[in-house]
Amino acid sequence: MHITGGRHFLQIPGPTNVPDRVLRAMAAPTIDHRGPEFAELTKAVLAALGPVFGARGPVVIYPSSGTGAWEAALVNTLSPGDRVLMSETGHFSTLWSELAGRLGLQVEVIPGDWRHGADPAEIARRLTADERHEIKAVCVVHNETSTGVTSRVPDVRAALDSVGHPALLLVDTISSLASIDYRHDEWGVDVTVAGSQKGLMLPPGLAFNAISEKALAANRSAGLPRSYWDWGPIIAANERGFFPYTPGTNLLYGLREACAMLAEEGLPNVFARHQRHAAATRAAVRAWGLEVLCADEREHSGSLTAVLLPDGHDADEVRRVILEKFDMSLGAGLGKLTGKIFRIGHLGHFNDLTLVGTLGGVQMGLQLAGVPIKPGGVEAALEHLREEAQ
Amino acid sequence: MHITGGRHFLQIPGPTNVPDRVLRAMAAPTIDHRGPEFAELTKAVLAALGPVFGARGPVVIYPSSGTGAWEAALVNTLSPGDRVLMSETGHFSTLWSELAGRLGLQVEVIPGDWRHGADPAEIARRLTADERHEIKAVCVVHNETSTGVTSRVPDVRAALDSVGHPALLLVDTISSLASIDYRHDEWGVDVTVAGSQKGLMLPPGLAFNAISEKALAANRSAGLPRSYWDWGPIIAANERGFFPYTPGTNLLYGLREACAMLAEEGLPNVFARHQRHAAATRAAVRAWGLEVLCADEREHSGSLTAVLLPDGHDADEVRRVILEKFDMSLGAGLGKLTGKIFRIGHLGHFNDLTLVGTLGGVQMGLQLAGVPIKPGGVEAALEHLREEAQ
Amino acid sequence: MHITGGRHFLQIPGPTNVPDRVLRAMAAPTIDHRGPEFAELTKAVLAALGPVFGARGPVVIYPSSGTGAWEAALVNTLSPGDRVLMSETGHFSTLWSELAGRLGLQVEVIPGDWRHGADPAEIARRLTADERHEIKAVCVVHNETSTGVTSRVPDVRAALDSVGHPALLLVDTISSLASIDYRHDEWGVDVTVAGSQKGLMLPPGLAFNAISEKALAANRSAGLPRSYWDWGPIIAANERGFFPYTPGTNLLYGLREACAMLAEEGLPNVFARHQRHAAATRAAVRAWGLEVLCADEREHSGSLTAVLLPDGHDADEVRRVILEKFDMSLGAGLGKLTGKIFRIGHLGHFNDLTLVGTLGGVQMGLQLAGVPIKPGGVEAALEHLREEAQ
Amino acid sequence: MHITGGRHFLQIPGPTNVPDRVLRAMAAPTIDHRGPEFAELTKAVLAALGPVFGARGPVVIYPSSGTGAWEAALVNTLSPGDRVLMSETGHFSTLWSELAGRLGLQVEVIPGDWRHGADPAEIARRLTADERHEIKAVCVVHNETSTGVTSRVPDVRAALDSVGHPALLLVDTISSLASIDYRHDEWGVDVTVAGSQKGLMLPPGLAFNAISEKALAANRSAGLPRSYWDWGPIIAANERGFFPYTPGTNLLYGLREACAMLAEEGLPNVFARHQRHAAATRAAVRAWGLEVLCADEREHSGSLTAVLLPDGHDADEVRRVILEKFDMSLGAGLGKLTGKIFRIGHLGHFNDLTLVGTLGGVQMGLQLAGVPIKPGGVEAALEHLREEAQ
């Protein structure tokens, strides 16, 4: 354990800094998951979650990590051998497509350079080519946690619509939900995949599927074997406020509290706050003379910023220095980006001054690690934040 | 919410009363799941878990409920169409066999009357008949949470050995681990299934597979599709102290603390405490003139006691009265036992005086609900506890 | 530390079992004691406290133990050499009179046998004899924590009124407030002394003075030196929501929560619950063939019950056995009652089933310690509780 | 309540940000204050406190605010009418001298300009003039929380010694203990006054007197009335691990944890950390073109920095803007400094990045409030911190 004064700065792009309120809520005694008090808890949580997803239909809660919700989205809607179209946007989209393959699906991957989001035009081309409608699902990662690039989901939806393809649209919002504007119903998403440990400000341990009418219909004929992930018994039991197997009670306490905090701040304010912090971070990165990984101005993530280092500099060494000297955790480059980038998480329970501290640590760490930067990054961020505060 | 003084009595057979120490441990800030402090946590937890299972081999931890660990045990060791032999001991053994069927296994169920454990002699007969060794796994629920009957796992092991059958032995210890004597290695179990919310004294949200060498070998050729539950990547990542997907960090904090508490008390003392409370509970039930559901003296559960009501009395009404009047939750009869029994959980973080309070509430509740009982149940339990304390 | 399963039974007559809700409330981050959020906290707490004391006038909160509030009541209203009349009801009334002496007051003590409350008739006699009105204050302990005897404060008030004596009436409610019916205004009390760690269900660390108009007037001319305890600056600062020195912020969080819990249950229900538990405890004591210390049926305490042991039996040995065998703390005999009694606390956050467990531990402990008792005490208590539940 | 993401920045010079570890430790159930587990707690806490004060003699713990410990230091060592010599260093030294007057002491105040510490030469002059040794105590505030000026206690000690005056030396370390180097024994202090809510990282509610042999001797003849504050019964009871009245149990839990944290970091490291943050803060203030209140380079506080605003600018308006826009609390100017300064607390549980965030908020707030500053303060602080980290 790092021994020094003050709180650790957990600036990875999730798990995020869990608010004290949420931790205290989770510390309440576990209750009978078949009793009346539990039914009220379930109903309160489900009622609060809908607006967070922008979904009027069912939201299924799993005791699992977000990876489980990826699997759930697939096994509930698809059959062995079904074709799925996935866009390679980074490490996590790659993991999801590998997962799909292991479940027995035929995965068609649109390659990407890990600096852009999913390409709606290319998706449209692929779907057009699929004249027999063998592609049953299009899978997109809304916010690529490994790159800090946000895919434009409404444009993907428009791509499907423009070619009249009936494939389901499955979207991973693990690191965007409750941080970056997202609208399950309005954008015509069929399954939204999410997890607890990012914008929802909880520890890891819960994962979610928000489900459209069309996905529910697909569920009835989907042939992949499933039991734990099966939507049916969960939705049925939820009607009465219960779950078909023991739910993660104390995390649900935390979820109720986190949803209350989001409602108090207001989702539009939450989104604006994330955008402000992302913009201030980019201002700092550019003032240092470094490059943001995301290459399309329309696709900068509100949740995290990935910073490219100049050739010859090891991002993991920068992270090591920062952890040792300033007790701050940053995200590593993953997969083919290992050592080339580091990622600054600025999502969840976070504010202007914590961002300033974060960027101060990054600036000092870069300098200590010998990365040639121009000073003034923190001042640039301060400038941005001050203007926004006015 | 029930409004009265004092703490709720959560005397269902799980989730159990989570110790304050564990709740406080869980309230620590979430840390970077890829950092050095996390690696220490993982290693500490895995080192502490082995003795709890009596296992020197790997123990896999899932962010999931116990139901997930049932699924994990099957998908990691079996292939589509494999035959499995299961003993019907109650509601949960039935759920497990249904789950196996949904995954595409051929399930052969040995029927039972829900008042006895798995029958080793009948298992031996079935295996003898399986001359071609098509049965790939024998599944047994160590402690049937729905009935309070404990199956004699060593005798089941002996049954397999006596007929020289190579099937794997999969055992559900969800409501027995850390409450009733259990020995994964010594008893020759291949996969032990467990959950966090019973004897481990945690909230629900973690589940476990302890794995034998033989099960690891089976894993290499097992053909059921799997991803989330796949042992391989977890065991590999655990070597370095990490997980292939985001683990349930705060529940792991609680697990570390709970294992420390078990070690402080000493597992043999923990088991003896549960036996003492079970015996005192049976003394009370019999003094009331009521019948314990478990019909074999060798098979009484240390975790819970199911109480049969006389005909014409509704156990759920008794439970309702007790919840309303005395703020205590008891377990309902499940499946075909609905309304006929209630279940008293006396497992986990529990002691003599809390048991006395529990039995006092049951006695008063039975009387208030009009069930004809002889007084003196609590006194009989006190007698037993006092003698044990001497 | 005692190592066994389950929660400790803290059945001393205070500090009492602090509810989880209160402990969690206290775990919130400390805030600026001069900021707007703090002012809201102060105002909320003061508004909630008034009804608990039955006082419309000021209630002063000290960061101190109850002993400090004793001192505060005296130094704020009296001058060096003033005469005060105190009734010896037990150990704590004795401590309070000794304290008064140390502050330079002339203390006149009405002796008592530690089995009765203050004697209103004798108080009237003493006051009648004080023709020159030199007695400036009459001090009474409402509930003697050392004996389980409650003084009849309205009768004491009537005694003062009947003889037309202008002395102030100062009442210690440390172990009665929020447990036993008490009414500062209605009963004409001038200063009510209280502490946080009993019926208010908080840890120790806050103490209180509720103050009448008459006491405020006396304060203006009172000549005892004072600074920390001085009401004036506190009442003045409280107007704006602040304190003249740093207040006990986190205990105030707990106080806000505890007052909310009292309001949810309703004070009349709280009082009735304490009376029920006291009556059930006496039923047990008498069924055991033991004697309750309190000798006047009108004066039994709702907060605790002191139990006299037969000659030749050491109450501290009984307590030691119970702590060792059953992890329960009981109150010792204090002062001249050392070894002769033990005290069962049944106040604060407490309910029927916890009382049953408590009495079960007492019964077993008495037997294990070789005290000759009749069995059946717990059954007698159960009988009482069951009837009350009907 | 301020509704925004992230944690509040509590940068007043106390109460300070309480570490999560301490808050969780305080959330443990209250125990019997007369039982064996409590005795262990007391002994552990007292053993840990000695090194923090640099005292081998007794340290007395009060359930009170620091103000109470001021009073305790006086009433335990002095008699009515005794003369005490006090140095006016700011608001708190003034409050302490007023308190002394209210207790009946004759207070001689050495006037000061609130920008310097106590003047050892002037103290020597006053003591020399006191040929009959009527001055019984010299009182000094080690760190003036209202000004950010630290008095040179060793020089004050030398002043007493140089003139051979027998007066006691009483020192207030409320905002310096465990933040700024301090040595009770080595510096020949007779009573050290401290509180829980600053460098000790606890919520308010505990206060301390560390006591020399000479002070203990003075205590035996000191004639001021006292009861709650009386050292004698506390020191006697502490021998066996107890207290003469109910102690602040849960705050003691927190104190044990906080002392453990100080020991883990090491007091010299703790002091160095505070010095580093103070120096970085001054670097920022000077880069902004503003003036630090403390006028003597030898006397800058490690705990806080008071910043003078240019004429015509209201410091409270700056604070208001910062609280509203950036959710940070700063200290107000007190007494005659109201509106002229604000105070930045950088003591307690605090680290480099939180300081950077703090200074970022101050910089933006000054700009938003229209105070003319040069940019670059935060960069200057970063420069300092980075050099120190190397």
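By letter and in written order, the chains are A, B, C and D; residue numbering begins at 1 in each of them.
The criterion applied here is as follows: contacts are C-beta pairs under 8 Å (C-beta built on N, C-alpha and C of every residue); 3 or more make two chains touch, one makes a residue touch a chain.
Predicted model, so just to flag it, every value in this text is computed and none were measured.
For the pairs C-D and A-C, the count of C-beta pairs in contact is higher at C-D.
With chains reduced to the mean position of their C-alpha atoms, the one farthest from chain C is A.
Put simply, the C-alpha centre of chain A and that of chain D have 45 angstrom between them.
A separation of 54 Å divides the Cα centre of chain B from that of chain D. Centre-to-centre separation between chain C and chain D, using Cα means, comes to 34 Å. Our note on geometry: chain A versus chain C, Cα centroid distance of 54 Å, whole angstroms. Of all residues in chain A, those touching 2 or more other chains are 7, 17, 20, 24, 27-29, listed in ascending order. Within the complex formed with chain A, the residues of chain D that make contact are 3-7, 9, 17, 19-20, 27, 264-265, 269-270, 273, 325-328, 348-358, 360-361, 363-364, 367-368, 375-376, 378-379, 382, 385-386, 389-390. Chain A contributes residues 1-2, 7-8, 10, 12, 14-18, 23-24, 26-35, 37, 62-68, 71, 99, 102-104, 195, 197, 203-205, 224-228, 230, 244-251, 323, 329, 332 to its touches with chain B in the complex. Residues 20-21, 24, 27-29 of chain C are the ones touching chain A in the complex.
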